[in-house]
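Note that the chains take the letters A, B, C, D and E in the order they are written out, and that residue 1 is the start of every chain.
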Amino acid sequence: MIASARSPLVWVVHLSVILLVLLWTLPTAGLLISSLRDKDQLAVSGWWTALSTSTQSLVYRAPGADKQVEKDGKFVISGNLLEGQSTGLVSAFGFNSREPTAFQPGQTADLSDGERLTVQADGTFEIVSDKGMEGTRGQRIFYTAAVPPRFTIDNYIEVMRAEGIGASFINSLTVAIPSTIIPILVAAFAAYALAWMKFPGRAILIAVVVGLLVVPLQMSLIPLLKLYNGVGAFLGVPAKTYVGIWLAHMGFGLPLAIYLLRNYMAGLPREIMESARVDGASDFDIFVKIILPLSFPALASFAIFQFLWTWNDLLVAMVFLGTGNDSLVLTGRLVNLLGSRGGNWEILTASAFITIIVPLIVFFSLQRYLVRGLLAGSVKGG
Amino acid sequence: MQQLLFAITTMAAGVLACVAYFYGTNWILDRIFPSKGLTGKVASRNLRITNTIRPWLFLGPAMVSLTIYLIYPVIESVWLSFHDKSGQTFVGISNFKWMINDGEFRQSIYNNFLWLLVVPAAATFFGLIIAALTDRIWWGNIAKTLIFMPMAISFVGASVIWKFIYDFRPEGSEQIGLLNALVVAFGGSPEAWMTLPFWNNFFLMVILIWIQTGFAMVILSAALRGIPEETIEAAVIDGANGLQIFFKIMIPQIWGTIAVVWTTITILVLKVFDIVLAMTNGQWQSQVLANLMFDWMFRGGGDFGRGAAIAVVIMVLVIPIMIWNIRNAAKEMEGR
Amino acid sequence: MSGLQLKDIRKSYGAVDVIHGIDLEIKQGEFVVFVGPSGCGKSTLLRMIAGLEEISGGEMYIADRLVNDVPPSQRGIAMVFQSYALYPHMTVYDNMAFGMRIAKESKEEIDRRVRSAADILQLTKYLDRLPKALSGGQRQRVAIGRAICRDPKVFLFDEPLSNLDAALRVATRIEIAKLNEAMADTTMIYVTHDQVEAMTLADRIVVLSAGHIEQVGPPLELYERPANLFVARFIGSPAMNIIPAKIVATGAETTVELTGGKRDVLDIATAASENGKTASFGVRPEDLRVSTGDSFLFEGTVAIIEALGEVTLLYIEGLVANEPIIAKIPGILDIKRGDKVRFTADKAKLHLFDASGKSYRA
Amino acid sequence: MSGLQLKDIRKSYGAVDVIHGIDLEIKQGEFVVFVGPSGCGKSTLLRMIAGLEEISGGEMYIADRLVNDVPPSQRGIAMVFQSYALYPHMTVYDNMAFGMRIAKESKEEIDRRVRSAADILQLTKYLDRLPKALSGGQRQRVAIGRAICRDPKVFLFDEPLSNLDAALRVATRIEIAKLNEAMADTTMIYVTHDQVEAMTLADRIVVLSAGHIEQVGPPLELYERPANLFVARFIGSPAMNIIPAKIVATGAETTVELTGGKRDVLDIATAASENGKTASFGVRPEDLRVSTGDSFLFEGTVAIIEALGEVTLLYIEGLVANEPIIAKIPGILDIKRGDKVRFTADKAKLHLFDASGKSYRA
Amino acid sequence: AELKFKPGEDSKFNWGSYEEFKKGHDLKGQTLTIFGPWRGEDQALVESVLDYFRDATGVDVKYSSSENYEQQIVIDTQAGSPPDVAVLPQPGLIADLASKGYLTPLGEETQKWLLDNYAAGQSWVDLSTYAGKDGKKELYAFPYKIDVKSLVWYVPENFEDSGYEVPKTMEELKALTEKIVADGGTPWCIGLGSGGATGWPATDWVEDMMLRTQPADVYDKWTTNAIPFTDPAVVGAIDEFGWFAKNDKNVDGGAAAVASTDFRDSPKGLFSSPPKCYLHHQASFIPSFFPEGTVVGEDADFFYMPPYASKADLGNPVLGAGTLAMITKDTPASRAFIEFLKTPIAHEVWMAQSSFLTPLKSANKDTYANGPMKKQGEILLNATTFRFDGSDLMPGKIGAGAFWTGMVDYVGGKSSADVAADVQKAWDAIK
């Protein structure tokens, strides 16, 4: 680390990073706040309004006639519009949807059938009638009030309580972990061969790997499932197994893995490899004892992505593991929670944050392998 | 609990099998063709043989897997692209003929080129900037995690997120989309962003850039940290300022990785469809190739011939990138 | 004064203390050489002067300005790194031109200076190569070229010639000396393990050991009057022979008794209080002569003979356990292994150190 | 024979020819030193012997086995890289133990050997450090330690001591000599720029220049009877003085006329056909003596005096244009700049080379 | 699992049919995999029905679903690992599966059963009959669970506050629309937004209008492209929709907002204060997107999208949608499942819990969970014509593609003729 990095430029750096981070997290922040909001609020007001007290026009339905009490010969229904909220201030009210702000707090409104409605600024109201009221549905009271921010974790509770979520979580892990580790191993060997071993056709192979990056996943599904079914029938085992999905994830992840790892490995100083070779190490030794430890940054970055993709994947899991209840992965389970029309945003927002946790943990724990100066001190002159 | 146990054992078995393969085959190879301790013709012959075989042992599992999971489907796709809807009857190049005349296809190609121009460049650019800037500040890891977050968010989540950005409410009513809220706050009138032909492409691209920057950042950050510190020190001594060091010392040294990131994102862009599917499904002239392919493949029973033909086009588009990569690899292999 | 001032400079890497408080003043235009055993902190000190290493303690002034927190680029230095630190993606030419380009020199000026430096360093043929296609010595020369192209206030050289062959080394050394002469205002600090370099180039030599200064002075002073045992042994090659002795008579001249009983008289004054104390008697191998007469300092058996052509090294056993006395005698000698030989030396060239290693010569 | 045999070995990097056909035989157990100017191909040759560099042409045998295609791991070599090439992710201990672990030595044996090597190289304190926390010299020592821990058929050292201080260098050099003695069957090939190292260690020295061999022979032979001008100038420091001359009389003794007209007689036999040809007259700086009498080889004006303590270097001008004659006179002299001084030398130590650079001495 | 309603306990249910079915089917040890579109709450409901099948037959039933069921079923059938029974809401997709030979015909007997037992039986048989691989038309699917689409939702109290009446004819509806505008309100909330499926709510409008302006056979020709999309009948229906949607005053936010407002959000305007709109055209499922606590029948209600009085000859057409069950793997268990769907109990159990409409005449209407459901059931039974959602009948590329896009373009400003031409062009391209 170079001494005295304390220059005015540093502030520019800090500020620009803050700006970028803000830009990048703002959308997600919206999601986070939304996930903590009441589900009916989501579609009505912007998430940022949830952060401060806002003036809203709302409707309250008073209790029905069965809640009336007789007092001094009058029939009274009373309550509070701002039920359950400690603060808030009513600034206007009404009883007709056409004129929702016809009255000021404290005023008394004459309802059509001899009933009178009074609403106070603190939200308490009273409907008074001379004769007994009827009907199961209570009176609608329109009011405008300053409502303080209101947050709830109900959305999370709802998602977490969903049946089978624990099993799905384990399913997801069972899919994701080997689907991450196996391709890394396989790809690392291949990348080493492509970067440091001499054999004819190497350049072509590299190009093929790049070319295979582009193969659309959807193209492969049917032929592969056909193959799986064939093999499954031949061996007399079910076609949709964990091994099957691991291999599938490996196949789809390999091109990128090989491509990234090869690029990284090709950049390692060759003197180190030579030195090991002179020390009597075979290719296998070199790979295991020199290349792998020195490639940790690349391995870690790929692991982060592969884990992420397999964790968030729905399509491959649905096709190769099946859609059945006991084989459902977490994403599948959460998507199913959304219901047939897929519109429950409050669940969507909450489940998005529940699924994000594991990948973020993986990212955070693997990030420390992206170290600086891994090669420092190894060779002189470059 | 039992499932957990099963999961752990299968995981261990899978990984172990993989290790055993590599170790075992190498061991066997050295057993069959020994060269240690031997001299003369036999030794050199064995040596030659092992040297020829060993790379293929290392490559073996990868190649098998690639062949099954990717090459075989590619061949199948090519085959299908010359067949009709149900994949039964050979129809020659009529699928391709149809494609050229299809307005939606042309629209998709046009849009895809827009995407290719903007997204890889922008994502790589932001990824690089962020990787470089966060590298030397104490809260860099936190910043990176935050910027990485979009990558980790499931796609369903992301589409909701952007709904809360792009959402349009008629003028006069309260906006729940951030972008329109800002526009209104500054006195403009709200726009239905997704429905603006041509421009909506860019709003969709923003989403992909937002996601892929995390990818570029992680890879480039690893590369930046691999730059020998001493070359930076030397540049500092030579009087270079931060920007000069960044552009003249760091970037050239990680150029290979930048190319890799750019390539990867470019290819990803060719494949992108879920964003388009979820946000517009190609309406308002925002169609892209991959979504078009998906459309033909699966919607209402599907037309595999045409779907495959579009897939073939996508794969053909990547050929220039392949050639460029061969060149790069060859250059870097010189004298190795 | 506008040189360099180090006040109680300290450096530690975590728990490891590497520099233990260095006080040093270097005048503008001076050529100072740092010597010291491998790992004593020379590079670290240089890197601190350059601003590449944070200073853990003390104050550093360049041209009377406190520079502890001044970034390297504002210190006006050029440096040759021990590990070269070439830019791997630039050709030799660009490596050398980089600093000047940053300084916005004119194209012609850059070209002129690069070519002249390349000429001096015999790199002209390689100007278009990348560092990875160079030999070790060539790389080192590029590193030197990169520094001498520039026009700094302070030059820092970290073992710049270690990978060069003798002829090139001499030539380059002379070029550096010339550079020093041509740029009278430029301060140069030079780290080397080569005695000849240190002796020929330095205005003053700083001898470091384990993170502190042992002695500072002009080369000949260090050679002739080492302040302590460490410097005595360190300067000169092969190192000064040290023979345990006991002071048996003090005064204007001192008499010591070597192991084995031989008594010698030195023209060094000692106080009476020193009488009877143990001391170390020192004589340089090249100051020893083979004595044919009766007057001699000591005698011993030749264990090894190394004929280097120009001189012959004799390794004499029998005086100090496990450590042979070395004599460096000009020419090729007619002495065989096993011969018993007597040695003598100029009185003025004898040294005496007290038990703590301090020299008795003022 | 089970040493090393190089038959017309060639190497080119693309269009650049680096090694032009080397024929060399090294006997088992021999200690051979490669010397040559920076960039002449020493490292390349070493790397080809190690199997790290493909051989572009010719054949190489180790222990009578053609090894052109044998991978390094099976050649039974240990190597100290000029660039160290340490394993950055391993501690010093692991760096040294790596080769032995690969060879499946027992734990105790590994530990013993590592510790003993560390001891010799004064690295014991640093065994747990990673290379990046070491000084340049310490890294170099680790590289040496890594090689000497092992038990190979051939040792390759590429400038192993360049970053060490004099004392350590001597000590390590002696250790290498000891190693060589202890392992009588192990062949050692050593690249160095240090004359002393070359002279003291080598059984034979190979002088390389621009990719071919100039001379091979035991150190003293090279010093005393250089086969050509290149070797003459290369071996010895400062280099041999070469003065243009003209042969004016031939026979059992040869008379030459130097520029300036002074004639000298050399005890070198020349054929009559050589009469009148231009030649180069050579004399080593250390063979020159200041002549007080009338008999002298040449005279000149002292331009520079370098007092190194042990010896004084005189740079004499007036004989060869632009290139001073150097005299290396023992001790500290009483001569001032500008003095005119006469020099003489032993007849046997004079050299004469023909126009193509070949020595007239057989 | 525990059966939701204990057999024999509540006499509303046709327990007899259940017992009879139970007697005839003992398939212990067999398994049955069912793949359907129901997820979330719906999944719990379908499982409660399946429990009866399990209980009756001993079959181990595995129900699964997927967000991308279209894609999933194509992949699974194509790759040769289909479920035993698939339930799909898209006749177009079913037609495709049938033509590729992935479905098993249900046979004459089932066809006859449908004719006899379903109200408007012939329309159901027509809907479920497709050409097989050999081109022969056979009954391949069994309609089960119907949604009514011809509904207009409103808030009764808002109507009261303003003194509006529920319209009985299309003319009245149009008049009401104009009156609301005149009163300074906004009559309609229309939202076509649905992510990737944006546009579909408009197709329902057009289909409803089609049925109210043209005879049923024109509708049928339209869905098979026997008349082109550019036919005046079709363009006319589109313009009928345009009368409502393309008038800035008629829709909340103006016409420009229609295409981008999410269909899930748009009904919320009915409930805001003051109300953003008074009317909303949508199918029977929409209450799940009403604000929490909204009671259908009290806080919100619906009326049948009325026909034109001037076209009384067209009767009371009803547009609907629904799911159809089909056998993708012919096993005794899957056969038995289709049989099970013929028992009233398979309908009643779901009817009694939540939104489930059935044309099965023998199912007891009293088991409908609430008044509104019953009302919808009546609309269904009162229908003189029932037609399935046309866009689902068209080929996927049209019904779930060009048609959607066309409608989006239409509300975006394109003329109905241009839009129709576009759709027709797309249709020509896939022929």
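Criterion: a residue touches a chain if its C-beta (ideal position, glycine included) is under 8 Å from a C-beta of that chain, and two chains touch if they have at least 3 such contacts.
What you are looking at is a predicted structure, and each value in this text was computed from that prediction instead of being measured.
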item: Steps in the shortest chain-to-chain touch route ending at subunit D and beginning at subunit B; value: 1
item: Busiest interface, counted in C-beta pairs; value: A-B
item: Most centrally placed chain - per-chain CA mean versus overall CA mean; value: B
item: Most distant chain from subunit D by Cα centroid; value: E
item: Between subunit E and subunit D, distance of the C-alpha-averaged centres to the nearest whole Å; value: 95
item: Rounded Å distance, subunit B centre to subunit C centre (Cα mean); value: 57
item: Computed distance of Cα centres, subunit D from subunit C, in Å; value: 22
item: Euclidean distance of C-alpha centroids - subunit B vs subunit E, Å; value: 40
item: Per-residue multi-chain contacts in subunit D, two or more chains; value: 13, 71, 82-83, 133-134, 136
item: Contacts with 2+ other chains: residues of subunit E; value: 68, 71, 75, 262
item: Subunit B, residues touching no fewer than two other chains; value: 51, 228, 230-231, 233, 236, 297-298
item: Of subunit B, residues touching subunit D in the complex; value: 35-36, 39-40, 43-44, 47-48, 51, 334-335
item: Interface residues, subunit B side, partner subunit A - complex; value: 3-4, 6-7, 10-11, 14-15, 18-19, 22-23, 26, 30, 51-52, 54-56, 58-59, 61-63, 65-66, 68-74, 76-77, 126, 129-130, 133-137, 140-141, 143-158, 160-162, 164-165, 174-178, 181, 210, 213, 215, 218-219, 221-223, 225-226, 228-233, 236, 242, 256-257, 260, 263-264, 267, 270-271, 290, 293-294, 297-298, 307-308, 311, 314-315, 317-319, 321-323, 325-326, 329-330, 332-333, 336
item: Subunit E partner contacts - residues on subunit B that touch it in the complex; value: 86, 98, 102, 159, 163, 167-173, 192, 194-195, 277-284, 295-303
item: Residues of subunit E that touch subunit B when the two form their complex; value: 68, 70-71, 74-75, 90, 92-93, 95-97, 99-100, 195-199, 252-254, 256-257, 259-262, 276, 395-397, 399-401, 404-405, 408, 412, 429-430
item: Residues of subunit B touching subunit C in the complex; value: 228, 230-231, 233-241, 244, 248-249, 252-253, 255
